[in-house]
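Think of it as A, B, C and D in the order they're written, each chain with its own count starting at 1.
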Amino acid sequence: MARPSDKARLRHTDRQREQVLAHPLARGLCPDEVGRFLAEVPQRRFPSVAYAQRGRLPLIQPRGGVPLFDAQLALTKALSDAGADFIPLTIDSCTRHNQYDTAMQLLRRSEEEGHSYLNGYPLVCHGHELTRQLYAGLDKPVSLRHGTPDARLLVELAIGSGIAEIEGGGLCYCLPYSEGFPLDRALLYWQYVDRICALYSTPERPIHRESFGPLSATLVPPAMAIVIEIIEALLAAEQGVLSFAVSFGQTGSFTQDVATACVLRRLVREALDAHGFQAMQVHLVYHQWMGQFPMQRERAAALIAGSALIAGVIGADKIVVKTVDEALGVPSAEVNAEAVDTVRYVLRTFAAPAMIDSSSIAAEAALLASEAGSILEAIYGLSGDMFWESVYRAFQLGWLDLPFSPHADNANRLLTMRDANHSIRIVDPGAVPISPADAASERRLLSGRVDEASTTYRQILADIMLMV
Amino acid sequence: MKPAAMPDSPAMTHPRPGKTRIVMGVIGDDIHVVGNRIIQLALEESGCQVFNLRTRNRPEHFCQAALEVNAQAIFVSSLNGEGEHWCAGFRQRLQEIGMGDVLLYVGGNVVVGKRPESEVIALFKGYGFDRVYHQRPDIGPAIEDLFKDLAHGQTQ
Amino acid sequence: MARPSDKARLRHTDRQREQVLAHPLARGLCPDEVGRFLAEVPQRRFPSVAYAQRGRLPLIQPRGGVPLFDAQLALTKALSDAGADFIPLTIDSCTRHNQYDTAMQLLRRSEEEGHSYLNGYPLVCHGHELTRQLYAGLDKPVSLRHGTPDARLLVELAIGSGIAEIEGGGLCYCLPYSEGFPLDRALLYWQYVDRICALYSTPERPIHRESFGPLSATLVPPAMAIVIEIIEALLAAEQGVLSFAVSFGQTGSFTQDVATACVLRRLVREALDAHGFQAMQVHLVYHQWMGQFPMQRERAAALIAGSALIAGVIGADKIVVKTVDEALGVPSAEVNAEAVDTVRYVLRTFAAPAMIDSSSIAAEAALLASEAGSILEAIYGLSGDMFWESVYRAFQLGWLDLPFSPHADNANRLLTMRDANHSIRIVDPGAVPISPADAASERRLLSGRVDEASTTYRQILADIMLMV
Amino acid sequence: MKPAAMPDSPAMTHPRPGKTRIVMGVIGDDIHVVGNRIIQLALEESGCQVFNLRTRNRPEHFCQAALEVNAQAIFVSSLNGEGEHWCAGFRQRLQEIGMGDVLLYVGGNVVVGKRPESEVIALFKGYGFDRVYHQRPDIGPAIEDLFKDLAHGQTQ
C-alpha cells in the first residue's frame, strides 16, 4: 500500500537542477537571485494573497499568449485594464513539446512577416530577464498556462520571470497534451517542478500550483476529473507545495457542474487531511466551456455569460474565461478584454445565491462522490513504495482512462454519453474501478436518451457539439 | 518526437482492394485528437479504408504512409495554428516520391488567429492542396467533395 | 367584505358592446362572424394549447410592432423563423391612449417619409380584416402587447384579427401606463375586456389573458407585483376567463427571482381555489430585465443570456425576450430575431435543474409570501359589494402603491432600495399594510448597504442602473 | 387627455428669485416617468427651481408654463419615439409668445429606432433646440452645459 506521504519528498534535487539549468536557453539563471527577486515583487503577485483578499465574486483570469514581447506587453495591459484579476501567460505549442529550435525559428518568422506563426508566448526563447519586464509594476498574480509533459526548464524560467502560479501536473499535462510521452517520466518531471515550487516558497509568498481539470475537454466523466485533481493535489503536497488549486471544466450540465464543484471541494480537502497535509490551502477554479465553441458570435457570447453565472452559483474562487472568437482562432487583445468585461459584468450583476441545492443536484453529487471514492481507494490499495508509482500502475491497468486522449497508451475503454440533462454519463466503465451499483446507476440515468443505441459518429458529434 | 517509421497500427498493414484508401492525421506539434477521431469514423462510415496517423506528425509521415498504402487521398488536419508552417511545400514532397497526383485536403484552424478567408485558401492552394476547409466544423461537405473529385478520375 | 366571486360577472354587455362597436374604426365588426372565424383558425393559435404541448423548456416570446402592414408581416415571419413560440403584436403608444387620429396621421407620415413615426402597430387604424392576413397560415399563438387603460375597442379588433392572447388589466395597464386615467374607470373597462374574452372562449379554444407583472419595471417590490397579479387573475376569473398567465419582471436578483416565481405560483393558485375558481388554468411568464439596459452590445447580450438561464431555473412557462438594442430604440427585425435565437440557445444548452432551493431563497420566499398575504387579506377585509371596488379603495388608501408610477393619484409613499444581493427591499412601506415584523425584516436586510443613508439622485440612479 | 390649463402642482405657483427657473416634462403620449423623476432631483440638487409637467404633455403645455414662471430653460424629454412629431416647430411657438430666447434642450430616445446620430441632431436643431441629448443616459453633462449656456447670457 503506497499512501501519499512526505516521505516521497525529493531530498536532493541539486544534481538534476544542474542538468536542467545547464541548457543554453537557461542563460545561467541563478536560483538565489530569483529567490531575492521573488522577495521584492509586490505581495499581491502571489495567488494565495489575491485569493485571501477576494470579495464575494470569483476572480477572473483570461487566457492570452502571443509570440512577440511588445504584443504580449500590450495584451497584458489590455487584460489588466479590462479588470482581469489574474494575468495569463499562455505558452506556444512548440515550447510545450520542448521544440525550442522550431519555436525560435517561428518566433523569427513572426517578427519578419508581421503575423503570428506561434499560438502562444515562447518563454524559453525570450528568457526570464526579458519576460520579467512584462510584469514590472504589476500587482496582480501572473499564471503560466501551458500543456507541457516536461516543464522543468520552462517552469524554472517562468518563476525566474516572477510568475508565481504554475498550471499543470504529471497526469493533466501528459494525457490530454501528448501523443505518447511516457507517463512515468512525466510524473517524475512534475515531482521536480512541484519540489522547485516548494523550495522557492515562503509562508507569506508561496509559489501556487494549479491542476488542469478540463483534461481533454471532451465528454470527461466528472468522477475521473475529480480523481485526477485529487491525485495531483496529493503529489504536490508530498513535495511541500502549500498553495494549490483544483479545477474542472464546465460539463455542459448546470446540475452536474454544481454537483462536481461540491464533491471536488469536499473530497480534496478530506484526502489532504487524511494524509497529514492539513497545511495545504486549496482553491477551486472553474473553466468556462472548454469544448467546441459556437461559430455564431451571439451564441458564443451567451455561452460565456451563462457559464459565468454558473461560476457565481458554485462560488468558484477563480473563473478562466473564453472569448467569442474561440471557434475561430487566437483572439485579438480587444476581443479578449471584452470577454473579461462581460464576465465581470455578469458576476457583478447576477449576484447568484450561494449554496444552492436540489434533488437532482444532491443525487448527482452522491453518485460522483461514490465513484471518485471507489477509484481513489483502489489506487491507494495498489502495492508499491511510492504513491506516484501506484498512479502510473493505475494508468497501465486502465483504471485511469481519459476519453479523447491523444496518448498512445491510454486505454480508451471508458465510454461516455450525455443524458437528457446534458450530464456526462458512463456508458461503459471499461477497467475503471467504480462499483457495479454505480455503473448500473449511470446506465439507468441514460435510459432517458432515445438514440442511445446508435453510436454513429453523428451521435457522438452531437454530444461534443452540445454548445454549438 | 514520433518515431520516423510508420506507426504499426493494425489498419496500416494491408490496403483492402476496391475501398478508397485515405491517409489522415494531425500535422505539427499539434495534439488535437477529437476532430481526428470524428473524421476517421465519418470516412469509415462512408466506405473508405482509413490509415490514421493520429497526432503530432511531420509532412514526411504523411508522404511515407501515402506511398506505403498507395493512398488516393490525404486528409491533413491542423488545429493549433502551426499548419501555415508545416504544410509549406507539401505537394512538392509528394511529387518527389512519385505521389504527385494524390488528392490533398487540409482542414481545421489552419493558421494562427483570424486572417481573411481568401488569403488562407490561396496560401494552402499555393502549397499544392486541392481543397482547404478553414474553420469548417462539419466534415460532411468535405466527404462529398472527396467522392466528386475521385469520380473525376483526378487520381488513378 | 367583498370577496372575489362570479356574482360580479357582467350579465348583459350588449348595450355597452353596441357603443364600443359603434366607433367608425370598428368598421362594423360582427361578433358572430369573429366567433366562427376563431373556430376555424388552427388550434395551436390558442395559448392554452401551446402551453399544454410545451416540452421542458420555457416558450419564447419576443416583442415587436412597426407601423406598416408589410413591415409587420416581414417581422412576424422573421420572428417565427427564428424560433419564437408566441408571436407578438406590440401596439403604438398613440393607440394605447385612444388617440386614433394622431395614430392615423403618424401612420400616413411613416408611409410617405419611409421611416417610423409610431413605436408600434396601429391596429385600430389598420382594422381587423387587414390584420388577420398577418397571421394567415400561422399555427402559433399571437399575443397583443400594449399598455391601454381603455382597451375595449382595441381588444374587440384584436380578437377579430385572430389574436387569442390579450395582455393587460385594470391595474397593470393603468398605474404604469397613464398620467392619471381614473383607476375605477380602468377597472370597469377591463371587466368588459375580460367578459368579452370569456364570451369568445370555448373549453378547447379559450381566449387567454395575461397580466403585466413588471409594472413600472423600476424597483417594484415583488410582494406588490405578486398582489397585483393575483388581483387581476381573480378579476378575470370573476368574468369567466378560463386561461390566464401571471407574470413578473426580472428583479435584478437571482435569489429574489427564484423566490418570487415560487411564491407567485403558489399564492395565485391558492387564491383562485379559495374563491371557487379551480377551473382557471394559470401559467407563469417571466419578463427579461425591463429596466434601463446597458448601451454596450456585449453587456446587453450577457444580460439577455443570464436572464434566459434564470427563466430555465424557475421553470417559467414563457419568457418575454429583450434585444441588444433595448437601450437604443425599437429593434430591427434582424436584431429581434437574433435575440430569439440566443435565448432559445441558452434555454436548450443550459438545461437548468428544476426546483432549486437555498437558505437565502427560502428566507426570501417566506418574507414575500407573508407580505403579499397581509396585503391581500387587508383588501379582502374592506367593506363593499364588489371585489373591484375594494381594489379601487385600496389604491386610494395607498395600500396599493407603485414605485415610479406616472399616475397622478399614486400615493408614492412606498420607498424601495436594493440590498447587497441586489434584491429590492422596502425602506418605508408608506400605507402598504405589511406587518410590522415584515417591515422590520426588510430594514434589517438593508443593513448590509453602506450608503443607505444618502438618498441623493445618484444613489437612486445606481439602483436603477444596476444592469448598465 | 391632460387638461390644457397648467396643473396646479405646489412648486408651480410662485418662482423664487435668484434660482434658475427650469420647466421640464415628457412630450407626446409618452408616460416614461423614471428619467423625469431623476432629472428633477438632479436639477434641484444643482440649485435650480424646477417646474415639472411630468408626462403626456403637448408643446403648448411647455410654452404656457415657461411664460407663467418666466423660465430660463426648458428640458423636453421624449422616450417613446414620438419626439420627432411633437417637437416640430417648438422654437416658433416660443417666439409667438415672446419667449423666443429661452434655452431649449431635448433628450431621451428622441426618434423611433436607430437613426444616424448626426441626422437626429440636425432634425431637432432645425426645430430650434439648442442642445440634443439622444440616447445619453447620464444627465450630468447636460446640467454642466446648462450652466455654461446660462453664463454666456444667452438668456436675460
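To be clear about the criterion, a contact is a pair of C-beta atoms (placed from the backbone, for glycine too) under 8 Å apart; a residue touches a chain by one contact, two chains touch by 3 or more.
None of the values given here were measured: they were computed from a predicted structure.
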{"item": "Required steps from chain A to chain D (each step between touching chains, minimum)", "value": "2"}
{"item": "Chain B-chain C separation of Cα centroids, rounded to whole Å", "value": "57"}
{"item": "Geometric centre distance via CA averages, chain C-chain A, whole Å", "value": "46"}
{"item": "Intercentroid distance (Cα basis), chain D paired with chain C, Å", "value": "31"}
{"item": "Distance from chain D to chain B - Cα centre to Cα centre, in angstrom", "value": "69"}
{"item": "Residues of chain D touching at least two other chains", "value": "none"}
{"item": "Contact graph of the chains (line, ring, star, complete, other)", "value": "line"}
{"item": "Chain pairs in mutual contact under the definition given at the outset", "value": "A-B, A-C, C-D"}
{"item": "Chain C-facing residues of chain A, complex", "value": "252-255, 258, 294, 296, 298-299, 301-306, 308-310, 312-313, 338, 341-342, 345-346, 349-361, 420-422, 466-467"}
{"item": "Chain D residues touching chain C - in the complex, by the definition given at the top", "value": "2, 28-34, 37-38, 41-42, 45, 54-56, 80-82, 84-85, 109, 111-115, 135, 137"}
{"item": "Interfacial residue positions of chain C with respect to chain D in the complex", "value": "93-94, 96-97, 99, 102, 106, 109, 115-119, 147, 176-180, 216, 218, 292, 295, 325, 327-332, 404-406, 408, 456-457, 460-461, 464-465, 468"}
